[in-house]
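Everything on this sheet refers to the single structure shown next.
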Amino acid sequence: MSELSLRGENLHLWRGERHVLRGLGLEVAAGEVLQVTGANGAGKTTLLRALCGMLYLEEGRIVWNGVNVRDDMPAFHGALTYLGHEPPLKADLTASENLRYWVGLRRRLEPARIASALESVGVPGVASELVRTLSAGQKRRVALAALPLLSVPLWLLDEPTTNLDTEGQKLVGSLIERHIRAGGLAVAAVHHEIFVSPQHLRRLELSKS
Amino acid sequence: MSELSLRGENLHLWRGERHVLRGLGLEVAAGEVLQVTGANGAGKTTLLRALCGMLYLEEGRIVWNGVNVRDDMPAFHGALTYLGHEPPLKADLTASENLRYWVGLRRRLEPARIASALESVGVPGVASELVRTLSAGQKRRVALAALPLLSVPLWLLDEPTTNLDTEGQKLVGSLIERHIRAGGLAVAAVHHEIFVSPQHLRRLELSKS
Amino acid sequence: MTWTWFHRLGSPPHIYRLATRLTPWFAWPAALIIVAALYGGLVLAPPDYQQGDGFRMVYVHAPCAWMSLMVYTTLAVASAVGLIWRMKVAYAVAASCAPIGASFTAAALMTGMLFGRPMWGTYWAWDPQLTFELVLLFIYLGYMGLRSSFDDPQRADRASSMLAVVGFIDVPIIHFSTTWWNSLHQAPSVLRFGKPTIALPMLIPLLMMLLGFTLYFVAILLVRLRGEILRRERSASWLREAIVS
Amino acid sequence: MSGSAVLPAAEVRAVPSAFDVAVLALARDLRLAFRKREQLIQPLAFFAIVTTLFPLAITPRLAQLREVAPGVLWVGALLASLLALEFLFRDDAQDGTLEQYALSGRSLTWLLFAKTAAHWLLTGVPLALVAPLAAGALGAPAASLPSIIAPVAVGTLALSLLGAIGAALTLGVKRSGVLLSLITLPLAVPILIFGARATELAIAGESFVAPLELLGAFAVLGLTLAPLAAAAAVRISLE
Amino acid sequence: MSGSAVLPAAEVRAVPSAFDVAVLALARDLRLAFRKREQLIQPLAFFAIVTTLFPLAITPRLAQLREVAPGVLWVGALLASLLALEFLFRDDAQDGTLEQYALSGRSLTWLLFAKTAAHWLLTGVPLALVAPLAAGALGAPAASLPSIIAPVAVGTLALSLLGAIGAALTLGVKRSGVLLSLITLPLAVPILIFGARATELAIAGESFVAPLELLGAFAVLGLTLAPLAAAAAVRISLE
Amino acid sequence: MTAFFRMGGYAQYLWPAYGITFAVVILNIVWARRTLARARREARRRLAVRDEPVLHGEEV
């Protein structure tokens, strides 16, 4: 019970008229990252959103540390962070303000930590620039900087490497690696290779219905 | 003069306080694709938007077939298509309606060609689905389907492989390859390898200022 | 043990079969009663001493107005039941009510306006009851708009149910406004505490109309309910059985 | 001529005329509006709500309402039309459609004309059809109601054309919002005044030809000038 | 306990209180509003435009204007407040902020309370301060002007709270648009009626304590119930 | 008979009122039946999908 774990059992879900998830099962334990792959439209985004409770499951259940998440949604939400296709940044706030308000909802934060987080994702210079003026990849990096700051055990990442250059794609790998080494767990939908050591990596291939 | 060519000479451009393009020169001829690379924030998007006249150049000029584009903007625009970070699709129209209205501005189109274009980018089933309900990669593929339909000689593509699976990334390569073999030319900002034969490929590396 | 009926009530397959079986038992009596009431109201009832033959409009106006309120009450009660007991079928009932209620609210407004012209000399007045009947139409539209803008029926159910419950305050306002404010509109003469205040040959067709429309409402509701249940139930094997029949 | 493979002669002939393009753009906006029904009912709902709120807030006495009816009607119509205008352009700016218009090499005059026409068809015409109902509810005599339609129809056409210029000017601005109102409304004052005057005369049962003709003159002026001005404005804001 | 590395004991103590979170959310909305100045002036501009257009559209005779002044004032305030409400929530829904709120595991009651407070501070308070000016322009006697402020301030507070419920209900909806108005306005009718009544009495120089007390009662009721109802609505629409 | 249709001079209001009401009555019947039919069609299509074997879910 003290080990963190996420399990999905017999997940069924329709989007519109499409039966996207059909009896899917998955399991991730602390120290592991589950890479979800599959062709475009296979249901990766759907799966991630269902895992964090934003899509209604027709059947099946999601179990976090042995407890059905329906029974204590706030606790589950408090333990996870979800990063979708679009980085959730306010265009009219600066990068560091964005992090302050986003992370500040969950953790007290010293400003110094924000600065060092931005530096660790390779955009030290943008702290006081409006997100509106950042390039696509810079925006993505700012969003990634929030992950370690939040210090929650479960990361659900939907194509976190979008718009990143090759160096940035390695960065995502090392962020995840550091997280799972510290006992966290992650589910990531990524098309190409994730740069983490293979013993931590598990794969789930979704096939198109 | 009969050969198509695009040339940028001594391009200078500021974004806010940053001098992003600093005396850049480039040249692409018919049958070639210029891959623009560079770290996040290096100025790839800026360059592409400047090339199609949507950003104001401080200095320098863009020459299309030997003519400064400022002298005949509509003709130049009529010869190019620009695909940015976000696919320009209406969420509340279906995939084929989107193509009909987007491409229809420039070319008369039979419905059959739309269907075959969607099939050639691997999403034959989505023709009559609202774009709102498509996955990120499916949206991107629909936008890519417009490129050959437009039949314009110059393609300016900003990270056209975003959100695509590996098969989709090959698809972008083969679309570009077919286009330049037919005498077209393309400028594409892509972080990883573009799948086109090396003799057609030229590279331009932007360094961060 | 005593709660089994309640659980059966919450079971979609049971309700689906029940609805299929019951529909004709409401539909045919409704048709007969309405036709009889039409004859009674248009032919048998004597002209009103004040309003002449114009009063016969009440035989359509009052049922429409009655439907607008009764259907909303059903909607709100079903919504509350759904929110409290998390009963799928209750949400389905609520969702089925809305289009019916909205259309009859519109009809009540229109027939009221046609009634108003000869009686008050104007199609419309900003009288509390009339105004809040219009507001009721807006509430129905808001409810339906809210429902249709969710992709996910479960969320649509819960969000719109809350709106339905909050919006219920409008119903007593409409019903009692004629008593609270002295208004143009006629105070309730049938649906009041104590004895009705109109003559019997006029009253009987009116009562029959109200009864007929109520039965009619139940019949329509049952048909719509089946559709709603089918739309919600995706997994059960009885689906096959249900659509084969 | 390696370019010929990309642009074969047959394709060149297949380029649609400016008028075809306008029809296509109009068809697109109409289809979109009918699909997003809320965009279709938004102006009407707004107008209905405004005209319902006024009697509740002022006085329910019809005699008194009748005097302010033209004002309520025209302020409601003006605001409804303007809100819809912002909507119509904002969406296109956000999803990149306007960028594609500007980069198509086609005449923006016609494209903007089509958008303006769509706007009028989707807001002006429904408003004109609903205006008699609202006027009736505000105490206008039944006989006067049919004559409410014409001034509103013509006035909203002039408003749409005027609004198109404003929308084009704010096109380069990502979040136009209030800016559009600030630019357009002062210029719309004459339309408001003559429109309200025409409605007032119509309600009183008198001849409203004079103000209607003035509204018509505005509309004709707008028809000839507005698309040109709007296209110039777009070219400026996208240069 | 491998989880402890991810959530060390020190970090757990560093979780901010619900009140801190609300303050943070409020600070964020205010900062954003002051940065996007048009969001700040939008309600005021809208209100100013409505109250300016009205006299132009009806007769400029002050005596008559004075009679409709409360109605114009309140309809203007109601619409301005509502438009801003839509603005405040739409942006957050579009850029994923609300999703992050909902997935934060924190009490939504406080977060929504903060958003409501921000809305009132950014629209209700400025409107209340500007209302006397508008009333003066509509012919209210100078002596009555200061007493215009209180009813508008209290009424807009009640409106903000009511609007928060509507906004919370439409939170799961991507394109809320007219929906919010359609949901909120019917329920706002009592506030409008009593607000206009209070203003009418204030302009006439009479005591407006009775309707003001009613408005106050609405506001207090809203303060106690609305955040709870709104949070329930959010939980429902994001469950 | 014509007296009946004239309704003591109220015909111009009375018959439209009856017309509107019974139009709404009929429309509701048609709508309800149509929604049921559509729901059945959709359910049938869903069942067809459901009968296919589960394709994915294997971990590799």
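Note that the chains are named A, B, C, D, E and F in the order they appear, and that numbering of residues resets to 1 at the start of each chain.
Heads up, the rule we're going with is that a residue touches a chain if its C-beta (ideal position, glycine included) is under 8 Å from a C-beta of that chain, and two chains touch if they have at least 3 such contacts.
Please read all numbers here as calculations on a predicted model, not as lab measurements.
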Required minimum of steps from chain B to chain C, each step between chains that touch: 2
Joint neighbours of chain D and chain B, given as chain labels: none
Same-residue or different-residue interface between chain A and chain B, half as cut-off: same
Distance between the centres, which are taken as Cα means, of chain D and chain A, whole angstrom: 45
Inter-chain centre distance, chain C versus chain F - centres from mean C-alpha coordinates, in Å: 16
Cα-centroid distance, chain A relative to chain B, in whole angstrom: 30
Intercentroid distance (Cα basis), chain D paired with chain C, Å: 38
Of all residues in chain E, the ones touching two or more other chains: 36, 175, 178-179, 182, 185, 189, 238-239
Multi-partner residues of chain C (at least 2 other chains): 131, 138, 145, 149, 152, 154-155, 234
Chain F: positions in contact with at least two other chains: 42, 46
Pairs of chains satisfying the touch condition: A-B, A-C, A-E, A-F, B-D, C-D, C-E, C-F, D-E
Residues on chain E engaged by chain C in the complex (per definition of touch): 165, 169-170, 172-176, 178-179, 182-183, 185-187, 189, 229, 232-233, 236-239
Complex contact set, residues of chain C against chain A: 151-152, 154-155, 234-235
Residues of chain E that touch chain A when the two form their complex: 1-8, 11, 14-16, 20-21, 24-25, 27-28, 31-32, 35-36, 91, 95-97, 99-106, 111, 238-239
Residue ranges of chain B in contact with chain A within the complex: 15-16, 37-41, 44-45, 85, 122-123, 133-138, 140-141, 159, 162-169, 191-192
In the complex, chain C residues that touch chain E: 131-132, 135, 138-139, 141-142, 145-146, 149-150, 152, 154-155, 158-160, 162-163, 166-167, 170
